[in-house]
Structure formats: C-alpha cells, structure tokens
C-alpha cells in the first residue's frame, strides 16, 4: 500500500469542499460572522448538510454516507483555509464518539438526526486545561437507573446549537461518556467563553447533580478514538490555515512597496516566507499520511502519524501567524489586517488537544523505544 | 557593588594581552603552528612567562602576582580572539587545583616552578566523556606511604610539556586529586589524541599500577573550584573566539562580490551576522559578570553566572562558526578558509566541561527552585 | 541642595509605606500595561484618578519647580518614589507624554507663561498630552513628515494626519511636528514644533482598533485646523532640533522627567512565577523538564541584556563595535518580550487558547501581552529594519 | 522481456545472500560516504576493488547491453541488487560519474566505437570518470562557463579551469563542458561537450584540501591542453543540450543508470542508533529527555520529507504551489543533514570534540560528516540562493 493514497472519491469531495468554502467564506463574511451569535450562518450550514457533510462518517444504516474519517479531512482543511466557522468539527467528533463508544440505542437515537443536520458537540476539557482526556474531575453517580452528573466542562463548541452533547465524566472511578440531549440541560448551564479565535463559539457547560437516565451512558469509552479523530481534524484545519495565511503574506509582499521596492524582494521577508511554505508542505504531507493510515486501518502507524501531524502543524501554523503579523508592519498591528485572524486561529489550534511539546513527549516512546 | 566591575589593573592587563596576541598570533602563524608538535612556539611561551602570565594567580609568596582568576580572563579572551594555542589555560587550571586543594608541601614544590614558566596540566575527563568531574573510573589504592594509580584520562592538554599533571582518581571511594611529576610517568604513558581543534595538543594519559608517594595526593578535592575555573577560562576563550570569527565574516561580507553586489548587502547574510554580534555582546557580558562575581567573592551568584556564560557562549560560538563556513560559500568548504579554524575551536569549547544543555540542566534548580 | 543619608532613609520608608498602603485594589477589569494600551474609558478614568492621587500625595513631579506645581526637591527623592512604585507594582501614571516629553521640554524651553499654563495639569493628569510625530506610510522617519502648517495671520492652518497617537481621544494637547516649509536645504529644515490644542475644529482623532481587539491608538486627522501661532515652541524651521531635544528627555539622557512609573512591564520573573501557578496536564508547568530548560534560556537572555547595560558603562569592555549595545536595545528587549509572552501561553495547557476574560489565567493578560508585544517589534522601525541599521551602522556592512 | 515473480524472488534471495556474505570487513580506516569524499589512495583502492568485485559477480550494469560488458537483464534485477547493497550497508561504488552520468550518456548518444571503448571500464572501475562542469567564481551556473576549447586541425586546445572535480587525481576521463564559441545568440549556444582523456599534457588536477582536512576534490587546470577533436560528443555548440541530457540521467529521470549504491548516506535512524550507544554523563544519550525531544523532532522532519515525496505523486494533493516539493528537495535534505550531524556530536559528551581517529565515537564519522555536510548546503547553489529561487519561482515573490 502506498504511503499516501487519495481516492477519486476523495478528490471529488475535495474539489467540492474547496469550491464551497471559497464561495461561502470570503474574508468579509468571516469578519461579519464574528459579530453574530452563531459560528456560521444557518443557511450556509443547511447547504453543508445538503452536501451530506454532517453524515459523512455516519454509517449508511443511520442515513449517512458511511465514509472514513479520512474523507472528512479535505472538508476540514478547506474550512481552515478560509477561516470558516461552523459546528462541523465538533459534530463530526461527537459522531465518532457515538460510533466508537455508543451502544445501538444511542446510535439509533442520534446518528440519523446528525446526518439530517442537527449539530452535536463534545465536552471533554476541564478548567485545569489538562489535555489527557481521561484525567477528569467531573463525575456521575449511579442510583438505580438514574445518573446524577456534576460537571464543569470547558471549550464546548457551538453548545447552544447542539442537539446532543457527549460529556466525559468519572463513573465508578472510570472515565466514561454520557450523551446529553439539549433539552435536558437546565437553564444557565451554558456560559459563553472568550477565546482567542473569534470565529469559534465556545462554552462552559456546568451542571450540578443533573439527573439523567442511565441509558445515556455510552457503552464504551474509547477516548483514544476520540483523540485520534480530534487530532486528524485539527491537523486538517491547521494545514488549511497555513495555506490561507501564506496567501495573505504573499499578497502583501507582492503589492506593498517600501523604499520604492516591493517588500517581497527583501530577503528578510522572502526567506522566512519560504520556510513557511516548506512547513506547509510538511504539514500537509503528515496530514495526508495520517489520513491514509486511518483509511487503511493501519493501527501500527496511526498514532505516531497523528501526533507528528499535530506537533509539526501546531508549531508551523503558530510561527506563520506570528510572522504574518510582523511582516505587515504597522498595518499588521491593526484589527483590520487579516493576519491576526490567522494568528488567533493558530493559537486556538495549537492549544486544543495538546501542543507540540505535549505530543512530542508522547511520540518519544512510540518512536524511540522498541 | 556594581554588577560588572573592571579595575584599572585589569584594563592594563587587557591592553597588554590584546596587543601581545595580535602580534604573536597572526593567522598564518596559527596555521604554521598546527604542523608543529607543540601548541605554541617556545620563544612565544617564554615571552608570556616574562609577562608574568603563568604566575598571574600564583600567590606572591610562591613568586606569582597573587591576582584573582578574574584577571586571567582578558588574557584567555585575547588568546581566543587570535586562536592562539598554548598551555596557558591548562597551566592556570592546574594552578587553581594546587591552590584550592593542594597542601603546603605540594604548593611549595610546584607553584614557584609554574610561576617561573613550567607548564602544568590537568587530567580529569575519561573515555566515556562524562562531564561530571567526580564520576570517574580511574583509581588509586593506598599501601603504606605509597599510592598505586591505575588511570586512563583523556583530553590532557600539552601533557608532554607539563612539569606536573594533576590527575583525578578514586581513592578509598572518593574522588581525589594526585599531582604527578613529568619524570614519574613511564614511557608510553602519553598518546597524542586527534581532536577537532587542531590548535590543541591533547593527550591520553594511561598508567597501570603506577607507584607514587602518598604525599602527592592533594589534601583537598575541590572539584567545584576546578570546574569554576575551567568554565571561566573557556568562556573567555569563547568570547574572544566569537569576536574573531565575526571579524572573519565581516571581512568577507565587505570584500566579496556576487551578482555585482557586496554579499554583505544581502539580508540573508547581514541579519544573521547581526545576530552573531548580539550573541557576542551577550557572551562577553555574561563572562565579565562571572569574572566580577569571582573577583568579589560573590559565591551566591557565581555558579549560576558561570554556567550561564558557558551555556550561552557555547551555543553562540558554535552557531557563529557554522554560519561563518556557510557564508563563505565554496571557499568556506576549503581548508584554506579561516572560518573552519573557528568552527573547530567552537566545537572544542562547546564539548569541554559541559555543553549548553548540560549547564542549563544544572542551572534549573539554581534559578527556578527556591 | 545637599541631602543627608538620614533624609534618604526616612523618605524611602515613607514612600514604601505609602505605596504599600495605597496600592489600588484589583479594579475588576484588566489594566493596560502602558499608556499605549488604554482602550476603554473605564481604564482611562481609573489611571487618571490614580495619577491624581499620587500627585496630591507628592510622589510625582517632586523635582519640578514649586511655582509651577512641583515640589522643588532633589531628584534623588523622585527616584526613590519611582522605585517604590515599581516595587509595589502599582499602576503606571498614564500622562506619559506630558510627564516625560512635553513637561521637560516646556520647563527647558518654554516661556514663564507656558510653564504656568501647562505644567500643573500635566502632573495632576488633568491635562492629558499626546504625541504627533509618526505619519502613515512614513513609519518612524520624522524627516519625511508631510503634515503641513501654513501661517495665516496669527494662526497656523494644519492639514494632514498623524498616526499611532496614544490617548488621542483623551488628550487636551498634542506635541506636533508639522512642515512649515518645503524648500529648506534638507528635509529636516522645514519642520516646526507645536503645542497644539486638541479641542480645535478640524482636528479629529479616530481610534484605531488594534489586533488585540482593543483601542489605544488613534489616527489624528487635521483638516484646515487653525491653531494660534503662539503654540509654536522654538522658531519656525527649528522643529527638528526641538524634537531631538524632546527625544533626549524621553530617553532620560538629559534628566528632567517628572518621574513616576511609566509602564507595568512583564519580566521573566513574572513568567517564572506564572510557571509555578499554571498547570500543564495537572501539574505545575515548572516541573516539566522542557519548560525548565526554556525558562533557564529566557532567564539567561534577560540577564544577558541587563549585564550588557552594566558592561556598556565600562569603557575598557566596549568591544570592537562600541555602539552595538546601545543601538540594539530596542531590538533585543522587544523580541525577548514577544517570545516570552508567546512562551507564557504554552504554560497554560488548553487555557492557552483563552482570551481576556475572568476565566483566563491572569485574566488573559498573557494572550493580550503577546499580541501587544508586536508594537515593540514593529513600532519605531521593525525588527527587520533594526537588523539593517545595526548591520550597516554598527558593523559597517554595505547597504542593501 | 517478461520477468516472473519466481525469478524475482529467487534473485532477491540470491542478492541478499551474496551481499551478506561478501560485505567487506571494516578496513581499519574510516571510509568516505560519497565519491566526493575520497581523500586517500587507501580509500580509493579499497573502493575500486569493491566495485570490481561487485561487477565481476554481476551486481552492477545488469541492464546494460551484453556486448559492451553489461548483463542485458531487466532493470528490475538491478534495482533489487541496489536495494540489497543499501540494506547490507556495503560500501558505495566509487565510479559514480561513470555509472550514472557518462555511461548512460555514451549508451544513449555515443557511437559503437565509443561504447566499446568506454563502457566496460566504467563498470569494472578500471576507468574512473570525473566531471568538469563547475568553474571557480561561476558556481553552478553552467551557462557562464569560460573554459575555452579552440579547434586546431583535428584537435581542440583547452584553456581554463574547472573546480570541485571529484576523483580528479584518479580519473582517466572527464566529461567536460567548454566554450567553443562566444558569439552565439545566447550564452548557452557556444558550449560543447567532450569526453576528455585526463592523461593529456596540459591537464593538471590539483587536489583541494577540504575543511575536513581531507582531499576529495580537485581544481583542474587546462593549459593549452590538446585533445582529439573526436572526443566531442554531440555537435559543436550542442554542449548545453548534451549536458542537460546528462543531468537527466544523473537524476534518474530518464533511466539508464548502471545502478549500484552511490553513497552511504547517514539517516536519522543512524542518529537514533547512535543515541542508544553514545553516552552523556555516563548514561545512554537516548535516556535524556531533551535528546528524546530533539530526536522526535528530527524524525518528524525526516518523515515529513519522505511523505512529501509520496504526496507529490498525487496530483490532487499538489498544493497551490505545485512545484514547491520538487524545487525544495536539495534545500530540505541538505539542511536536515547538517543539523542532524551537528546534533549527533552533542550525544557524545566530551567526545564530541574528537576527530577522525580510532578513539572517537564511530571513528569520528559524525564530526567529519558534519563538516562534509556543508557541501550540500553550499554546493549547487547555497541554501540562501535556494531560498531566493523558491521564493521567486515557486511563490512568485519579486526579485531582490
């Protein structure tokens, strides 16, 4: 099997996604959406649903396309390229959780709704910002056929729009997952968070002794599968974002003059821009290597491939965002300049699901110890 | 007390040293000396002796100048600037060992000779390259008033010229120091080593059950003092070396043309050269801060100051040497170009007495833990 | 004036006590770190009140003449008071341009009448000052200023615009460089210097939204704005000379500043302290070996910078490039600050992605500081331009 | 020719066995890693003998025609043999220019007589070949070649010099680009291509001492050197075309290479393996957390490079800058190699300061490789120039 494979079906998906995001998410619309309560215009979301994107990894028996998560990569990448906000990533993650860990009843309840366009979300991280998904403080106690959940979760994306939120909590001393329906949340359970990437809609979810039927406890608790999905989709967003910010830099370097020369002719700007290009090429290659491993079911190499993609991409995108601001000079210091949008996106991506140092630390035993 | 102090006496010493090394060590002579068996021309060494340099830290009662080791800094720095080889550093280190750890008898025996011009040396490091001076495999057993020494020591500088070599060895389970006179070494005990800095004369010292009077065992075993002295003198050599290599770079950048422009006008060469300048300024500042702490007897700050000087200088000099070769293009790839002499010197300095990572590791508790 | 050691010691204790007792409580919103970052009325009023209180209690303008509102004391007392402010990490005094630029200039070159009119308001923060030197597209090159001042009777008519005007919306006066002539022997000769009243028809400061999402700078537009000819300080065409003198005051090289804390700057010690509190994966960040190595490296760099300043005062230890240290100060400190703040985010785990809000570590201070740090690496000549300047002027490398 | 899977499997086993059994013992001196690093007669003789043995046993030139000394077999067998050489880390075949440049060229464009004269000696390493393209001061810009060839009867008289001639002192022939005319429509038009005999009066290869202290390159001087006009390959003025064809052979794009291992390149796996053996402070370097993080980073970079090559073959995954990967190959691999070797020294504690000798870790291989690595970051256009080229040709940034 080839190191990197990309099917005709994936190629078609990519062409659609590239085209869609370019048209639906020009930078003025990204800026306008920042002022809106939702991360995406409902009409645009409906178009994404019509394209089948919310059901892309939902098995066919539940009304989805039944494709691999690798097929969601070109979509997340194209959205990252155009800084498009939307519940796509959180919905796809929740879908993965339900597929890998939910029992038949929960799958039947939620997957058809998701495929039909109801957003979903995940509530994993807590106040201490720990990236280890199984080290959590929230907990639920079992009383007969009822769960009593006490939880404070952070960075829950697009929570008010989600039909279902999959929440992690300790149950009997083990990290488990619970699917909560939107209408089960008490008023005031969700509070909007201020996060660095203004295209996001991030919420704190807080409940105290919330009673839930035990049937909402997911059968499995495959946190590794959820992390894998998150790393793949985040790496895709970063790869797209890197490409986007590189375009912003090149546009400025080829149109702005200083001392009568296009500033792109100065090596102090040109050479780091080349470094950013090469870091993008690396990022995209790690990304599609990881996607290929996932599609091929190559479990041996998948974890390392994903952590490499996240580590390399996090550093590269943050560097590119930082340099993009710097290279724009005085204009770069203004909110009006698009560089800051990408820098903020890069910082978001870097600090969700583990930064470069975190993943390098986990890569060491995978790569160095036999 | 000021952070950095420099007396009139030190200023005069520095002026002499700068002048002497410039005159005695032009680059052609450095290259010519590489082919010679010794690290310095005996006549030049005699002039250094005449200037009082071998006795600079030797107490007056033994015929020296009785100055602080801080006063040797401008000398080592100037020698580094001109890539001058000589047993000065190893002699001064051995002097420090005898002063800090030798008893009265050993001091009386060796310090006057050293002040009068007999080189001395230290034998500390072993085959495994461990930088921790007290973790050693060589050992001596005590039998009555005789020591029996079995040792293999590496990187013993200018060993054949040394009147005395201070050797570290385990005695009764503790790391100790033993002063061996040149005429006590059996034939074949010294083997020339091939080291990356060709201006050095480095030897392996190997003895098997060599019998020595117990009086040659130094009373104390202040390895920390020896390390401090080594770090200070090496940092001084590196500061000088950085300045030297920067001159080599600037000379080339201001005389060599490519595409009809002086290559120094290209930002890809100009900007890293500025980085090298700033790293030199940092190196020199750390160096003279450490020297000031040493002269002031500021034990609280001395260790950190020295390790910072060594860590920062090691990295900066190695970077500068590497860039110097690169910036000379095709000529930089030839032995004829002086850049390689500095790169080799930088690698030598970096890997003697601990590289940057080693010292940062030791700095962490000093700087971060109360 | 001779000052006794006893007086010094007594005042040190007094100042230390006063700032300990009067340090304002946390206002419940995040404060700016410098006068260039005042983004809300709330922040501005808080800081203005603080300066007023400091002034009323005699801790700023201590060495300025009594007749204009100062205390006429020896400079040593002001230095002690300023140190006490830094020690207790109280808020900075926001009228920076007044205290450090305009005030010293007026005291040195102004008329009796000008001193009476301006000085006291500077100290009490009643009259806020701003600075009009930079222009769009000309960066920090003063000589290229295009903003025009044309004399018309006893007025000058100003047209053009100035950029990066801090506190522009709050300022009563601006120190303004404008071009009164274009046919001098060089581009500097046609400049003049004004103490311009901001409440003038035709002067409009428009706030610029920064990449942080906050305000703090204006672009100030001049549209046939008429100011009295008497606002000029120095003669017509002497603006460059006056500006250079002002910059000398700003850099403290000539003395004369009113004193007082000018910024609440983050130092590497703050980052270390953050590393003790902030958590990565449930453990204090400072326990992570990689974090420790990086902190050591940053401390080494910061100390190197401070040792450079000390070494620069020892002529024998000036290197072969004696201007290297002084010419590189801005480059070194601004780049270090940017990297330091960037690194500080990595100490916070997933919370690195938060922004200014009560949920964020230190209220989002580090995220905001990282974005604000670009003002140092961009303003006053970008780091790229600084490299050129040092390469060419210090090392003698050929121009590009 | 059709090859069966059984034949392939059988040959794989045979080649694997032969190289396992015939891998030369450690010669007791450090071997070069490429043909550009052959510095001593001892090294040269060892490698020449090795190539001869490989040839005599039928593992090189397998796909070249039988009548000229090859085996006339399918290319697939050669590829298997070459892989087996790499797998067993046997020495490389030193006649690189002959096997990969001159040989394919002669087979493609040469006469029957030329093939008979040259090919067998290339394979057996009896006739060593060198390359005369680069000139001093013109770097890798072939078009600027100044070395002159003037026709005089049935000879050409050569004057000028060529630089970086590997194996120049051992070579029997040189593939030489020289200028036969200066008045063509462009600077490429006046070039011609020769198969020049090195044992000619007036041709003098002078060894260049490299920064490693070793030899491996020559500067070759031509002083009224007369070579037969029949040495020209391609017509007069067609040198550029022939050279470009030759470069295609070298890059393997056109096939036709004799095969065989061309270098013993160090990979990141070798560095990891070194980290297991080498000690820092008495412990295997690989146990040091900082070393581990750095190794992970280097592995990530190396794998990124190899994944790039794979991705470049998928047209749909070519980015907005489709030539980025192919144009940056040399820059990426040479800079990685330099940093990798530099890092390898830090794994050795105080022994990082040793040099080529039996006491050094791996005989000083890493120190020498680090210094030799500059041939990659300097030769064929420095890394700085590579950045310019990529910035301008791939990203469309303006020229400097």
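Order of writing sets the labels: A, B, C and D. Residues in every chain begin at 1.
The criterion applied here is as follows: contacts are C-beta pairs under 8 Å (C-beta built on N, C-alpha and C of every residue); 3 or more make two chains touch, one makes a residue touch a chain.
Because the structure is predicted, anything quoted here is derived from the model rather than measured.
Participant: More C-beta contacts across B-C or across C-D?
Facilitator: B-C
Participant: Measuring between Cα centroids, what's the chain most distant from chain D?
Facilitator: Following the centroid criterion, the farthest chain would be C.
Participant: Cα centroid separation between chain A and chain D, in whole Å?
Facilitator: 45
Participant: Starting from the mean Cα coordinates of chain A and chain B, work out the distance between those two points in Å.
Facilitator: The mean C-alpha positions of chain A and chain B differ by 54 Å.
Participant: List the centre-to-centre spacing of chain C and chain D in whole Å, with centres computed as mean CA coordinates.
Facilitator: 58
Participant: Enumerate the residues of chain B that touch no fewer than two other chains.
Facilitator: Residues 266-268, 271, 357, 361 of chain B each touch two or more of the other chains.
Participant: Return the residues of chain C touching two or more other chains; collapse runs of consecutive numbers into ranges.
Facilitator: 290, 293, 384, 387-388, 400
Participant: What residues on chain A touch chain B, complex-wise?
Facilitator: 266-268, 271
Participant: Touching residues of chain B toward chain D in the complex: what are they?
Facilitator: On the chain B side, the touching residues are 125, 127-132, 135, 154-155, 193-198, 204, 266, 268-269, 318, 322, 325-326, 329-330, 332-337, 339-340, 343, 347-348, 350-352, 355, 357-358, 361.
Participant: Give every residue of chain D touching chain C within the complex, in rising order.
Facilitator: 289-290, 293
Participant: Mind listing the chain B positions that touch chain C in their complex?
Facilitator: So the residues of chain B touching chain C come out as 2-6, 10-11, 14, 243, 247, 250, 253-254, 261-262, 264-267, 270-271, 273-275, 277-278, 280-282, 284-286, 288-289, 308, 311-312, 357, 360-361, 363-364, 367-368.
Participant: Considering the complex alone, what residue numbers of chain D touch chain B?
Facilitator: 136, 139, 163-164, 208-213, 279-282, 288, 290, 338, 342, 345-346, 348-357, 359-360, 364, 367, 371, 374-375, 377-379, 382-384, 387-388, 400
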